Each structure stands twice: as structure tokens, then as C-alpha cells.
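This report refers to the structure that appears directly beneath it.
In order of appearance the chains are A, B and C, and numbering begins at 1 in each one.
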Amino acid sequence: MSHIHFPDGIIPLYIWIPAYLVTFGIIFLITKTIEKEKIKKLLPLTGIAAALMLIGMSVPLVIIPVHLSLAVLTGILIGPKLGFVVVFVVGLILASFGHGGITIVGINTLVIGSEVFVGSMLFRLLGKKKKLLGVVFSTVIALVISLALMVSVVGYTAGFENALPHTHLEHSHEHEEHIDHHEDHHEHSGELEESISNINYLFFSGWVALILIFVFGIALETIVTSLIVMFFYKVRPSLIDSAHNFANN
Amino acid sequence: MEHIIKVDCLKHIYPDKTEVRACGLAFTVNKGERVIILGPNGAGKTTLLNHIIGLLKPVDGQVEVLGMSPYENFNKLRKHMGVVFQNVDEQIIGPKVYDDIAFTARSEGLKKDVVDKLALDIARKLCIEHLLDKIPHYLSGGQKKKVALAGALIMKPDFLILDEPFDSLDAKSKKEIIQILNTVNQDYNTTLIITTHDVNVVPSIADTIYVINSGEIVIKGDAAHVFSQLEVLKDASIDKPILSELFFQLQQSGIEVDIPFSIEEAKDKIIDMINEGQRV
Amino acid sequence: MNISDIDYVAIYGNSKFHNITSSAKVIFTCLVLTSIIISQSLIVQIALLGLLLSLYKVANLSLRIARLAIYPAIFAIIFAVLVSRQGLDYSLYIMLKAVNAALTMILLITTTPYVEVFAVMSKVLPDLLVDVFFMTYRSFFILLDRINSLLKAVKVKGGYHPLRVFLNIRTIAAVLGTLILHALDMSERMYKILELRGYSGKIPIEANMKIHKKDDYFLLSLGLIVLVGVVLQWNIL
């Protein structure tokens, strides 16, 4: 769900270069530790999961104007390792036609990769016994973590005082106190107070709106992911179990 | 003659509990033979092929390829087989046509010049050398079939297994594929095992035909034998080839004539009849 | 304009730029991207935009393709104007940087098929990454065909109505379900095919890396001149 649409030239070098290095480091570790048989078995499904993610973003589905990433679903389907690789490949393809800068691919991979990793590992932990609860819980937690990461990156780049509604709110309080202090000396204090409360209201609604968007996004992604995972369990029960070695236990 | 493939009363149960059988007459294949498995949709043709390839494990019955169980010796037998599935789109893995044709040869670790020669030879044989640099999803259906066929043939396998190779092809492409398969059979003595429900192509490519209906092998024999068993064919919802139908109608009208199985044969018979002054 | 359109333009486009060896175009792209990222001058960004637009002309690319750069431009403007508030010059500079980088990537990808770009990159990327890319690429076009026919069927059968949200949601769920089932079956068949064709953990690919044409050398020289120019200008300032 959460990825950064920043173009090139905004995120500073000292963020995106280390992000790329860490991403490549993780991919290198994945290639060294993943079993060859697992790659053979899951390669077609991996390609298909990535293709579905790309189709979701390139076929103009006017029917529902919502943008899902299906990253947790990918993690649940093919596991965290191949899921991470898929996130990188999809990011690279999207960046090739200007959907996010090429320099941002590393950061985006880490942000969405965290979603894949956390979602997949939590599902591995919880989904063995309680499938539906496992998928809902792991999707929500994974999304909250990746959102927090995304907000941190955007906030750090743009300056927290500019990017986050929360700090806007504090600022406006400060202004309010400051102006209150001089209230008696000001001719139009009433007007000012009103406009300040308007500003407060606006910032408050900005904050609420942002939370609402996040909550709506998390809810939608969780519902879609849960429905699809349960659908998989209905039609191909062995598929997910084998990706997480559930069947052996 | 020793059979290289033997299937004896096979039974398979799919995960959704669907049961498929291939019982009745014995299914045997000799080296260099061209075998057609004919039957309506859902008769069990593809299940039979998948067992011969070694992709499925029989619940009951026996499958032997070169004296081995194909399921248990998949990796050993794989190298003797070339396979083209019904949906060739999913079979073409290489990013470019050349990469796809050369896939197995490269995966076997052959040297580049050897791979190049093998790929070019087979591409020439199938008249697709002009496609080598193309990207597969922009090819036509017939071209994709030829590419998949070239990929299956590059290592000159002992037998070539094709599932519905004539499906959704135009008349010209069908003719070309038949010609290619017959050439490969003659030049390399490659055994052909082909499933189809297109009866009109059968006489020009089959030595032996097996008709499967609801999991039973109901007829076995050459085209003349199979297409004379009208009642059995009708039960299996298989139409007769147009030529057979025409000459069968002539027989019904009291004209003494054998049923031909190729255009050339039919032409000769008609000329003979005209020359003999018979009413056609 | 989506991935399949871009792929088509790259494969069937015919221009001097299309005919340049893929590896030369990839290296040129890296050189120009580096220049765009390290340059801190508005003038240089304007000059680079001029250069890129001339190359679009040479490559016979329509404005419809360049329009893809509007998306990053909008994001850059939002960032520059609303967040940084540092004046028009800075906003323009940030926007041009984003647009130039996007135009450079789009120039590469609309004149060089994805397959060739990845074939060049396969020389430095791990096998697993390259295999996942090629599988994604093949699966994308197979599934795209499938989803297009499903969507056509939905429209023909009246399963989509602009104002009936619940009907649309139900339809899209059915389409997704069908697509996922098809995708699952397809992945199982592809696995069998990989086994049968002797997949050994690497999809082999022939990459034509050899830079040999006059135009290859010209493009590489141009990329180098751009980079050296930007670095020199950077040092002088």
C-alpha cells in the first residue's frame, strides 16, 4: 500500500545510495540462502505475482479507483525472500516509465519489502492455526510498519515540520499561545482568534483526513488480501502451506 | 517388436476427486511409430499424456517408458522426450525466440557454438530462422507453435509428445505442422505421440490411432480400421473425416468403393470410377 | 500508455536511436542520469532538457510518450512549491531534474525492448533477479491478454455500470477470482514446463553487448561529454 511516488532529484544522495546498497545486500543474502529447489518450484508463481502487481498498476481499472500493492499477499504466497525480490523487480519496471524515480527504487524496495517481510513472517507465526485471524493481523501490522517507515522517509526529506500534520498542529498551538499573549493589545483580536481557530480546524481535519485515508487504505488492503488468501485455501490448500512449510508440521 | 511405451489399465484421481482411467485395449508404442490419441474433450487424453511424461503418479495400473516408471525416473527420461503442451504461450520461457529454442541445450551446459548450430539447424528445418530475434508474444498462433516445437526438438529427442497441436490453427498452419512432424519422424526416426480431436488431420499423420471414450480405449488400429467402426466413433462423439463421410455416403448409395484416407487416394478413386463409367 | 504500449514502441519503433546497440544505450542512460542527479544548476537542467527533447526527435517518439514525464513533474512541483517554499528558480530546478530523469528513462525504455535492457543488466545482476524479471515479463503479457478478454466479457455482459458501485465491486471480485484461478493453474503448468525443459536455476539469455557501430560510439561520446561538462561546471562553481 505504502510506497513513495517521489521522482528523482528530491531524496538526497545520502539516503538513496545507502538504501540501494542495503537492498542489494539483502538480495545478495537472499540469493545465497534460498534453496535451489524452492526457486524452481516458486519461480513461475513469483513471476505471476509480480505480473499481477504490475497489471494492477497498469490496467486502467476504472471500476474501483483504488491503488493496491498486494505486497503482503505476495509475501504470504511466495514467502519473504522471493517476495522481496519481486518488490525490487516491480519497482524497477515502474521506475522505467517514470512511475517513481529510478533513484527511489532502493528506498521503495526497503519500505514495501518490510511490508512483505513482516506480513509473511507474522503469517508464518500466526496463520498455521488460525488462518483468517493470521492473515488479517499480519496484514494490518505489516501495513502500519511500512506506513511508519514511509512517513519517516518522506518526513525526513521534506522536513518534519512541513510534512506532517501533527507538527502543523503544534505550530498552530504555538501561534495561538503567542497571539493570545498579545491579545489585549490587538485591535482585531476577535477576528484573529476566529481565523486561528479556523486554521486549527483545518489542520485538525488534515490530520484526521490523513488518518482516515490510512485507515481506509489499511482496511481495504486487509480485506482484499484476506479474501484472496482464503480463496487460495479453498481452491489450492497446499499452495500457501508449502510456501511456509506448514504441511510438514 | 519391443514396445518403448506400455500403459496398462491406468487410473488417476485428481485432487477434486475426478477419476480418470485409460483402460480397455492395451496402449503400446513402438520406436519411430506415429501414434494419435483421438477422443472428445474430457475423455482422458491429456491425463494419459501426463502419465507418459511422468508428471502424474498413477493410483492404479502401470505406465512404462523405455522399461522404467516415468514418474519415478522423471529426470532420466526427460532427456529422451520433447513435449509441446496445448497452450504454447505458457511453454515459451525464453525472452526471445532464439533464447527459447536454445533453452534446453543451454541448460544442459552445451558450448555456445554447439548450441548455436543446434538452434539454427532446427529453426531452418521449421522455416523460422527469420523469427530468431523476435519477442515471442508478438508472434502469431502458428508461429508460436513452431517455436515451441523447435524448443522441444532441439536435442533430437527419441519421442515427441504433443497435446492438441492443431488446436486453433488455420488450415495453412495445420498443413505446415503436419509436414514438419512427418519430416522429423522420417529424418530422426522420432516417435510421435499426439492427442487431437481434429479427425481430418488424422489420416495424414497416423500409423496407429487410439480412440479414447470416457476412460476406455475403445478402438486401436490404422486409419482404415478406425474410421470403419462407425458405431463406436458415434458413441465417442467423433465425427468421421469429411472424405470418409463422402465415400461412406457413396457406399450407402450402392456404389462399390473403398473409403480413402487422403486427398490423393480419393482423387485416384474418383478418376477410376469415371474411367470405368460408373455413375457418381 | 502502459507497459504493453511501451514495449510495442520499443520493439517496432524504427529510428537511428532504436538501432543503436542496447548496451550503448544503457551506458548512455547511466551517464546522463548521473549528470542530471549531480548537476545543481538550473541552466544545466534546461540544457539537458533541450538535449533530451532533440533525442526524442531523433528517436521519432511522439509527444504522447513524453507525456509520461508529467506524472513526476507534478510530484516534483508539489514538493518544490508546497514543501520547500524556496522561490521559482528552485521550484523550476527541482521540477526539471525530475522531468529530465524521467525523460531519460523513458527514452531508453521506448527505444530498447525490456528484454534487451535486462539482458544487458544480467551481466551485473544476480541470476535470481534476472529470472524473476523474465518470468514477470512473460507472465505479464499472458495475463494481460487474459484480463483484457475478461474485461471485454464483463462489458458485453453488462457487468459494469459507471454509477453502480456495488455491481462493479461484485464484478471486479469475480474477475479477480477467475484471473487468480487461471494464474494458479498457469503457474503449475509453467513449473512442469521448467522441469521438463531442464531449468537449472538460470534462464539463459543471449545479450548483444558488443559496441561496434558508429552511432554507438557517438552516443557514448555524447554521454561522456555531458557528464564531463556537468562535473567541470560543478568544480568551477
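In this text, a contact is a pair of C-beta atoms (placed from the backbone, for glycine too) under 8 Å apart; a residue touches a chain by one contact, two chains touch by 3 or more.
Not measured: the values here are computed from a predicted model.
*Asks:* Which chain's mean C-alpha position is nearest the mean C-alpha position of the whole protein set?
*Replies:* Going by the distance between chain centres and the overall C-alpha centre, it is C.
*Asks:* Give the label of the chain whose average Cα location is farthest from that of chain C.
*Replies:* Looking at centroid distances, B is the chain farthest away.
*Asks:* Among the chain pairs here, which one is joined by the most contacts?
*Replies:* Max contact pairs: A-C.
*Asks:* So what's the Cα centroid distance for chain A and chain B, whole Å?
*Replies:* Centres of chain A and chain B (C-alpha means) sit 50 Å apart.
*Asks:* How big is the gap, in whole Å, between where the Cα atoms of chain B centre and where those of chain C centre?
*Replies:* Spacing between the chain centres: roughly 42 Å.
*Asks:* Suppose each chain is reduced to the average of its Cα coordinates; what separation in Å results between chain A and chain C?
*Replies:* Distance between chain centres: 22 Å.
*Asks:* In chain C, what residues contact two or more other chains?
*Replies:* Expected reply: 134-135, 137-138, 142, 186, 190, 194-195, 199.
*Asks:* Sort out for me which residues of chain C touch chain B in the complex.
*Replies:* For this pair, the touching residues of chain C are 7-8, 11, 113, 115, 118-119, 134-135, 137-138, 141-142, 186, 189-190, 192-200, 202-206.
*Asks:* Quick check on the complex: what are the chain C residues that touch chain A?
*Replies:* Residues in contact with chain A: 1-4, 6, 33, 36-37, 68-69, 71-73, 75-76, 79, 83-84, 94, 97-99, 101-102, 105-106, 108-109, 114, 117, 126-129, 131-140, 142-144, 147-148, 151, 160, 162, 168-169, 171-173, 176-177, 179-181, 183-184, 186-188, 190-191, 194-195, 199, 201.
*Asks:* Please give the residue numbers of chain A that touch chain C in the complex, ascending.
*Replies:* Checking each residue of chain A against chain C gives 5-10, 13, 27-28, 30-31, 34, 36, 39-41, 43-48, 50-52, 54-55, 58-64, 82, 85-86, 88-90, 92-93, 95-103, 158-159, 162-163, 227-228, 231-232, 235-236, 239.
*Asks:* Where on chain B is chain C touching in the complex?
*Replies:* 53, 55, 74, 78-79, 81, 83, 85, 87, 89-96, 98-99, 102-104, 106-109, 135-138, 151
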